[in-house]
Structure formats: structure tokens, C-alpha cells
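Next come two complexes, and both contain chain A; in the first it sits with chain B, in the second with chain C.
Let's turn to the complex of A and B:
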């Protein structure tokens, strides 16, 4: 079932990490909560018990794998906990120590499958912890090492839970690659279904009668079943976003401590579910946004008090589902972005003309331009000067969009919109210059018929009135085909990305279709306006338009080079 | 030399091999000596020149399907094609070899090869044959062939009066360069 089947130990190690990494993260998470509760004078005994249980399981599992350094670390943390069990008065002062231990634990467990572990950091922690216990135990005897009370049984291979008499939901563990394979096969089935539908449509011109009607009914029923199958398949891939949010308590605490900030992390909507592929690739951009917020977005406690804000800053991570998209936000109540500085830097980079006067939204959108958001101050935790453009790229490759809003002195809010699934896309098919393109339906504000007179030329840019506002218009053939604009296109698709709208002139509207998204081969480079491709019912390929990029295209004339 | 002048009509790789075996059985294969090690090559034509790649690299040879243009793709990419549900890039190898873009004719073919672990289609003017060539017929390329092509020409094979240029597929396709993402930040 696994490529590593030849090395059963490697497989076991991977399973160990899969099982224990969340556990170690939970230890850190619990500790952050405990620290707060202890400071408030609440002993939080029940939560403390949970912590001890997790540590014990980690110790046992690590021992089973012969990971002695992790075993010793978990054991030592248990010792500290046992000591604190007898000395509730010491709990608030020991939380920092335990949190350092949790940090080391998360790191070591995460690295366990990638070769031998160095015990330097765990040993440093252990001696620190011993010293703490010795200093604080005034004559009291140090707790004896925990006896092995339970045997831990390793679970191997795919494990099928049984539906017990108590009605517990049974679960089965499946290699994620099998699910991916299933999804791919489903995609091919859907394309075959589209082909069938097209063939039936062609036949319909010449054939009528009972037999044909039966065929149509059968096909319709097949399509409905496929739709349900899609839903069921997607459901197997949904993971709640809490698995990603879970890492942030510890991270925020570490980053805040290292930069002498006081930060409270608030998360909401952790139960929101997203496709596993999206979840897996979401962690990194979120880490960048959150660390950036803490390091650069938040003021020092003193500055905050001077500004009349609470000394403790708040960073909020939230997720909500809105129809077939998930909206994620990262909000801080820090100093906010400085539009003047962004504009100044954008001018330096030549991304905006010196005399242009972009709106505030347009200026904030420039924060995602390459090279703009890199701060001079580079810290180990914020990464190696990773800019917002990298974050925006990761979000875009997930079929998402990102925008930022900010109020100087009040804070900054990043809003990301992500598709629930990457596999199937509801789209509008359009014809441009003899090719067909799929436009993600979620980004289509309206499609309409237009006449030449409706398009006005302002400074060489097409503009039109749409719902009471002036929006830019581009000829799709010119953007996609690099050809000179023709003015005879009769349809306009208004696409949106955040607050931006752009009209796209096309030759024809070919209707709505669910398409199966396929990635483009890397040898095709990264076409800026194309996000992927799909196979249509007739077997031909259509490219999928990257609407966000298209809408942002040439906001100002000078911004063009940075998008190519 | 007793060359096989049969146009290749078969598509799947297995069929290709069967074809080659047939040829061998009929005694039509190009052989220098009985016991000499041989190379199994697919020969295709571009303009007036003939090129060869190891048959092991060719997965399929297909008639030119509908090719969809990809906006803003690199110049040596003709577009993408659908091979039984997979979307493959089609490389315009002529431009890589300093020739004009191909005019599609009924003889044009796409040779599907595996390069860098991925499947890629190569658009060629014609696929002439599959041959077995003895190692002794394979020699380093003469200067007039090399000139600007040194990086992707590995050797040449002399088959009677014909000169077949053996190409280093991975280099000729240039995929490595192209797939390198642009630097994100200075």
C-alpha cells in the first residue's frame, strides 16, 4: 500500500509522525491555554490532566519507536507536571518552562521521520527542568519517575474501526494517495459523461422517438448520480481547518516572546472544512501572514499603551464557509499598513507611474507585488524576508484570492477566499479567437451583450459603464492571444477579484459547465492569466482563466511588466 | 544497406516494438554484424534532416491531435494536447533546432516521450521508421553537424548514405530551464 513498503520501519516512523505530531502540537496548544488560566488563578485541573495524558502517550509511542531523546523529553515534562501537581502555587511561574519544552517536542517529533535526531535541545531542556524542580522543592522529594502503567500498542497498516454496540462511528484509515487516485478516476468519468452528453446532443438533431428519450433519461440520471458521487468523494477529502489553526497558539507565543510583544491569538470557525489538498498547502502562507502580523504589524506593549490601546494585542484567525468557498481572515489590531510607504516603494520599483494617483484599495493591492513587502528587518522567525507576493502566489495556486484592508493605527486584515475543492470548478465557457476558455463562475459578476459604442477609450484603455460605475475593459483576444484588439466582440464577461471588476470582451458565451481542473505541466511556464486546463466533452482542451490575475491586470499602465 | 522503407502507422509503444520485431524477423533491420550490440531507434524527420531517439524513450507516436494554444506559454511550446485524459505539453522542437514553426501536414506526428519523469509530446514533420543500428555505425558528430547543436547532439549514426542525428532528449527539450520558477525575490 505504500511506496516504502520495502522499509517497514520507515513506514512505521511516518505513521508515528502522523499520529504524534498533532499530539505534540496539542500539548503546546493546551499549555498556552493553561498559562492564561493559571495566570487568572484558575488551577484548570481537568485541562492539566489532559496535558499529562498527552505527554504520557507521546512518551509511550516514542519509546516504542526507540526515539529515546523524545521519550526522555516527554518523561521530563511529565515530571515537571507531577511536581506542579503537588505545588499549584508554582504553576504560573512554570508555564514558560513547559512551553519551551513543548516547542522542542513539536520540532523533534516533526523531524523524527527525517533521520537521526540530535538530543541537544531536549537535553538542555531536561537540565533546565531538573534545576527548576530542585530549586523549588524545598526539602520535598523529587517525584519518582513515572512507572509504566500501560502498554502501548502500535497500530499498523490501514486500520478499520468497528461499529460498536454503542453506535460509535467507525473509521477507516486510507492512504491519501488512494483518495487522490480515486478523484482522478472520477474526473475522467466526468469527462466521459460530458462527451456522452455532447454526442447525445448531436444525435438529437436527427433522432427522435421513444428509444432516444430513454437514452436521454438514462444519461440525465447518470449525470445526477455523478453529481452525488462528486459530493460523496469530496466529503471524504474534507478536513477541518482546526488542524491548521492548532499550530498557531505555540507559534504566536514564541514569535511574540522573541520580539517582546504581548499577543493573544483568537481563532474562530475551526470546524470549517476544506479539501485536504488545500489544507496541506495552506499552513505555510498562514504562518507567513501570522508571523508578519506579530513581528511587523504589532506595536510594542509600551507603544500600544501610549496610543491608548490595550498592551496585549490581538491576532485573529477566522474561517467561514460561503457557498462553495471558504473565507479565511488574519486580522491584527496593530499599527496598520502605511499607504504612503507602499506607494513610495511601488514607485521606486517602477510598478506605478510617478504621476499616477491610485485609490487606497489599489495601493493596498500593490503590497502583493514582488519585492514590495520585504522588510529590511529580517528575523529568523519571520523567515528569510518572504514577501506578501509569495503568500499571494501560494493562495493563487490554490485557486484562491487574497486582499488586504488596513486602517492606519487600528490594524490590518487579510482576507483570503479559497475554493472548497480543487477538483471540480463551476465555470462559464467562453469563445475567444477560435479557442474556448473556462472562466470560474464564482468570479463572474455578469455576462452581457455589448456594442462598440458602449466601450470608451480613455488614455488608450477601454472603459465602460457597468452598474453605475466605470470599469476597465480588455479584449480577451488581445490579452490571451497577444493579437491586436478587434472591436467586433459582442459579449462582455465582467469578472471580479475582491473589489476589482474588469470587463472581458469575448466572441461568444458557450454556457455553464462543471469542469475537472488539471494542472498545467511546469514546462509551460507560469502563464500569468491561466490557472490550469480542463478537457471538455469533445475531448479538446480548454484553458482555465485566472480571474484574479485578469481582474488585476494593468490596473495602471506601468504595473503591466510586474504581472508578466 | 537494406533499410526498411515502411511508413510507421502504429501508435502504441507495444505496437512499435511488435513492428520492430516483425522487421527483425523479416531480416529487414539494419545490422552491421550478427553479434554486435544494437540500438533501437525511432527516426523522425524535421525539414530535410533525420533525427533519432532511443525507442525506450518513445511512449507513443500519434497523429497530430487538436492542439490547444496556451496563452503566454514559452515560444517553443506549441500548446497542449489530450492523450486519453492526460494533458500533455506539445513541444515545437523545430524552433529549438533553429527551424521555422511547423506547418501541419498529413504526415506530421506527435512523438510522446518521457522526459524528466513527465510525458511530453514532440511535434515532428514525419516519423520515418524504427531501426536497429549496430554500435559500430554510431560515431561522434562531425563538426558540420555540431556547430550550434553541441548541447543536444550526442552522436550520429551513418546508415548507408544517410546521416541520422542522435539527440540528447532531455537537453533538446529544454524542459529543465523552463520549469525553473522565476526568482521570487531579490
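Let's turn to the complex of A and C:
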């Protein structure tokens, strides 16, 4: 047997993790399903076969890599399965044991590429499993049920690898940092392209003629190629969200058990793809939302039955792509948010005036205020008193937005909208007092010409009628630059964030443009309504509007007064 | 040997394909051509169309068509009986090995195997074909 250091295939460790981590997660997922089916009295033999197949592959792969602790763990889980093959009656009582093993397996496989593994947890599991088999074997009439002779089984449901249709391996592994570098360079190229376009536009004032037309054609073709390059580059960075969803089955089960809830996790849209950077930073906020849903959102099985609901609660994680955004939802069928309680706390925090009567939608939006949703009880398992404000912040730094809808007694649904990519932003460029700003195009509901008369002042805040509703309006200079508002602006850009709409008064609309997003140096200090900056074609810098923060600005004070 | 030697690897694990690539890229076997298939069905299709294959490394447990089914079909069709097929598996019972050999496997290779074991198998098969 090979030892860890001298393994001839050591250079394939990352490949091992790439292949085996999803397989280990699949073991966990399959077990969660099996546990349910076994409890219902269904032996689920085919699925059980899939489980054994995955364990077998994990064992073989780990052995090849010299990862003997993981090999032993997978082998032991196979032994438990073999034992359960002979004793279907014991399956329901053994699922917890196997799930603990799956948890250790996921963890160890995930850590395999990061240095030597400690075998403490796997060995603890192995002795627990041996004890189980020994105890249960005593008195059983089956003479020698263990180990079961392993059969050559036709396996189903284990799909590994992305071998091309011709059977030839057609993927290569690339260091993610190289992809980041490529993207950075592409950004510079795009900025240079924009500069070229600007220069050509200036020249056009004085020059006309065949040579100039050629220049314009060449530039147009360059721009088209850049567009295609952008698409191709983005495609190399896409990762399916199943890699994030994969870990939730075990998590939900663990949290549910610790809090005596019965929960079924349903996921959909796992094949939806997102930029790797977004995926990497999405796990944590999702874990918060799902853990919160199980611990605080769901009632105990008894309470649920009393309320006429199925004892087993459902938490759903879903992803779908809608044009250049991905919509993620976390839904539970629990008790729902209590608007009274949120409003009460918001008043205590001074976030809402004592006499204001915000709509239910607005009250739910307050759940994301700092300090509001942090639960008094810090759960041992969740291990955090993290509030929804932290979740909302993580989503916003990804250029996304989050909103919540809830119905008391029926459940709660968090909806997040995230950009497919973080690098390039389709924007509407606007002019304000000679400065230029970029507004994310996806968040623009409408841009329209306005007159002074269209803006009404109510309690010192601008309001206007828009598509049959009253929406708050702010002057761009005041919001973005901290300068005094001007009384006359020509255009209003109506920005949306979730259900909220807010108008921003500007001097001019300069057109649509793809801008390359640059992070702002935090030490510079910036108004909260700015999310980043970009370099325009002429080399000048334009700040990018943080639409979610803009839309939420002074919401509580500006809440829907009626116009007289 | 005049042309580049060709080997067929039939395995549902990408990792294993890369392991074979490592072995066949270095040392005595450097310069070989590897054909890759991710299950028995694809493997059998390649096996049918490539009589120049020198040796097949066939995983036992695979979806679509497993190693034993591959061997059984090959025997019933008497397809390229001269090509040695090595059955690769994590199983370690003598009974399983006997079943593999009975189905027509030339050799039986247990995981974990080392590059040296692969090279040794290839050399042994070459020595055999020179003698006959």
C-alpha cells in the first residue's frame, strides 16, 4: 500500500477532490432520501444500490491516492450497507449512523488536498459502526450475514467525468487565478476599446470620407469581437449552482435533528450556472437563510399538526436564470414572519417613526435592518447570532438584491437576484452637474422626462406619480455627491429594487454602455449609495449607483403618504 | 514496434483516466496512445473499431455495461480474442477473480495499483506475444 507522501499519483490530489467531493455529497443526499423511504417501509433497493456504488468508487479512488483513512471509512460504510442488505429490518435504525459517516466522508474528502488528514473522526465512526454490527448480529438467526459477498452490480445514477462524445478526455484544469488575470486584461482591453470609440466620435465632427468609414467599420468589428470574447470568457467561469446546493441536505438534516424539527429539503435548478466568484461567496448567506428557516421559521411537528399542516416541513432551494440574472429562492412552509413584532422592534431601534403606518411589504423589508433580526437566542448549532442584515450585505456586495415575502401561518420566501457575472455591468450612463454616473441597467424601471411641476413636496420629501403609484424622488447630486439639490432637472430615472421604486433626478441620459466594474478603495470613503467605479472611454472615472441602497434610502420616512 | 502502441482504458472515473495518462506519459510506456471510454458500452465500441489495441484496462464496476458484461459480449462475438484484457477492480475475493478470468480476462489487477504494476503487465503481455 502506498503511503501519503510517496504516492505516485499525488499530483492528481485536486482532481481526486474534484471527482470525489460531489460523490461524497451524493452519498449524503442519497442517505437523506433513503432514510425517509426506509421510514415509510420502502426498502428502496435500487437507490440503496446507487449508494453502495458511490461508496465503492470512493473506496477505490481513495485507495489509489494512498488516502487510507478515507478508504477505510468508505470500506466500513460499505460493510454497514452489506450488513443492512441482509437485515432490511435494521435499515431505519441504521440510517443515522450512516449519515454520520457521510458527514465525516464529505469533510475528509473536502480537506484531502489541504495537507495530511487526521483519522480521528473516521476511526471514531469505524468503531461505532463495528459496535453496531456486532450488537445487532448477536441473536440474529442469519448464520453469517457479515461480510456479505459483494456482487458485480450494474450501477445506475453515478455519473462521473465529462468525457467527450468520442470518448476522449476533453477538459483541462486551469488555475482560477489565471482566469481572473485573463478577465482583468479583458477589462483593460474593453476600456481601451471604449476610448477608441470616443476618439472616433470626436474625429467624426471634422472628418468624413472613405478612409474614415473604414476606420469606423474596423472599430465596429473590433467591438463585436470583444463582445464575443466577453461571452466566451464568462462561459469559462460558469459553475453550476449544484456545487453549493450539494451541502444542504446534510446541513438541514443535522440542524433539524438538533432542534427536533422534521424537514424535507427540496432543491431545483441545480444546473443553473453562475460566475465562480459569485458561487464562492454565495454559500455563506445561503447557509444563514436555510439554517434560520429551519430553526426559527419552522414549527415543531406537533404544532404543525395542530395547525392542520403536514408534520414534516418543506424547505425549498431553487435557482433559475432570467436574462442576465439568476434568481435564487429559499422558501419554507413554516409560521411566517410576524409583521407586528418586526414593526415593534423597528420602532425600538428608532428606524421607523412611532406614528408611521408602513405597509406590510415595507415592514418585511425592515427585517433586513441592522440589529433587527438578530435572534436573542444564539443557537448552538447555527453557532451564530447573525442577522438578516449581514445576509443582505453579502448579497449586495455581489451586486445582488434580496427581498422577503411572508404570510403568517403559511411560510416565508426569500428571493435573491444575482448578476451572472461581476466583471461587466450593463449600465445607463447619466449626467449630473457635469459628472457622470452609471446606473445598473437591470435595475432601471424607466427613464422619463420630467418637469418641476411633476415633483410634489411632501414633508420635505419629493414625490411623484409614476404608473399609477406614488413613488419617492431624490435629487442625484444630493444622494450621490452630498451636494445641494437643484430645483430643475430634466430627467428622472426610476430605479427598482425588489418591490421598491425610487426616482432619481438627473440632467441628462448619455446612453447604454457596458462598463468594467472596479472596486473602490475603502479608505477613500464613499457615499453608501455608490457600489463601485468604472473607467469610461475618455479615461474619466464614473461612480456606479448602488440601486438597492438608493431605493431603500429613508424608506420609512418616505412611506406612501397620500397626496392631497 | 513500428507504430505507436495503443491502449484502451475503460473506466467511469475521470481520476483513473488521468492516472493512466500519468503512467503512459512517463518511462517505458511514454509515447503510447491512450483511448478513453467512460463505460463498457463506449469501451466496446472503441474495442470493435480499433484492432490495433495492444491491451485493454477494463474497470469492473461501471454504469451502462460493466466489465463482466464487456467480457461476456466479447467472448460471444469472438471479437479480437488476441487482445489481452486486464480487469481492474477493488474487489479482493478469489471467487470474484475466478469469475473475471472465467469470463475471459487475461489478468486481474487490484486497486490500489502502482505504475510499476501496469508497466509489468504490459511487458509480460509483450513477452508472451513474442513467444507465440
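The rule is simple: the second predicted complex is superposed on the first by the 450 of 564 C-alpha atoms of A that agree within 3 Å, B and C clash if a C-alpha of one lies under 4 Å from a C-alpha of the other, contacts with A are read in each partner's own complex, and residues count from 1 in each chain.
Keep in mind that, in the parts below, a residue touches a chain if its C-beta (ideal position, glycine included) is under 8 Å from a C-beta of that chain, and two chains touch if they have at least 3 such contacts.
This structure is a prediction, so every number in the text was calculated from the model and none was measured.
Novice: Counting only touches as set out at the top, which of chain B and chain C does A:231 meet: first, second, both, neither?
Specialist: In the superposition, A:231 touches no partner, neither chain B nor chain C.
Novice: Per the contact definition in the header, classify A:63: touching chain B only (first), chain C only (second), both, or neither.
Specialist: Only chain C; A:63 stays clear of chain B.
Novice: In the overlaid three-chain picture, which partner chain does A:350 touch, first (chain B) or second (chain C), both, or neither?
Specialist: It touches nothing on chain B or chain C.
Novice: Using the touch definition from the top, say if A:96 reaches chain B (first), chain C (second), both or neither.
Specialist: Touch partners of A:96: none, neither chain B nor chain C.
Novice: Just chain B (first), just chain C (second), both, or neither: which does A:11 touch?
Specialist: Touch status of A:11: second partner only.
Novice: Just checking: does A:310 make contact with chain B only, chain C only, both, or neither of them? Give me first, second, both or neither.
Specialist: Neither partner.
Novice: Quick check for you: in the superposed arrangement, does A:508 touch first (chain B), second (chain C), both or neither?
Specialist: Touch partners of A:508: none, neither chain B nor chain C.
Novice: Once the structures are superposed on A, label A:435 by its partner contacts, choosing first (chain B), second (chain C), both or neither.
Specialist: Touch partner of A:435: chain B, not chain C.
Novice: Kindly classify A:181 by the partners it touches after superposition: chain B alone (first), chain C alone (second), both, or neither?
Specialist: After superposing on A, A:181 lies clear of both chain B and chain C.
Novice: Taking the contacts chain A makes with chain B in one complex and with chain C in the other, which residues are shared?
Specialist: In chain A, nothing is touched by chain B and also by chain C.
Novice: Which part of chain A faces chain C closely enough to touch in the complex?
Specialist: 1-2, 8-9, 11-12, 15-16, 19-20, 53, 56-57, 59-61, 63-66, 149-150, 152-163, 167-169
Novice: In the complex formed with chain A, which residues of chain B make contact?
Specialist: Touch list, chain B to chain A: 66, 68-74, 77, 80-82, 85, 87-89, 91, 118, 120, 173, 175, 178-179, 181-182, 184-186.
Novice: Can you check the complex and tell me which residues of chain C touch chain A?
Specialist: On the chain C side, the touching residues are 12-19, 21-22, 35-38, 42-43, 45-46, 60-63, 66-69, 89-91, 93, 95-96, 99, 111-115.
Novice: Can you list the chain A residues touching chain B in their complex?
Specialist: So the residues of chain A in touch with chain B come to 187-188, 191, 370-371, 374, 385-387, 389-390, 393, 435, 479-482, 518, 520-530, 533, 535, 539-543, 564.
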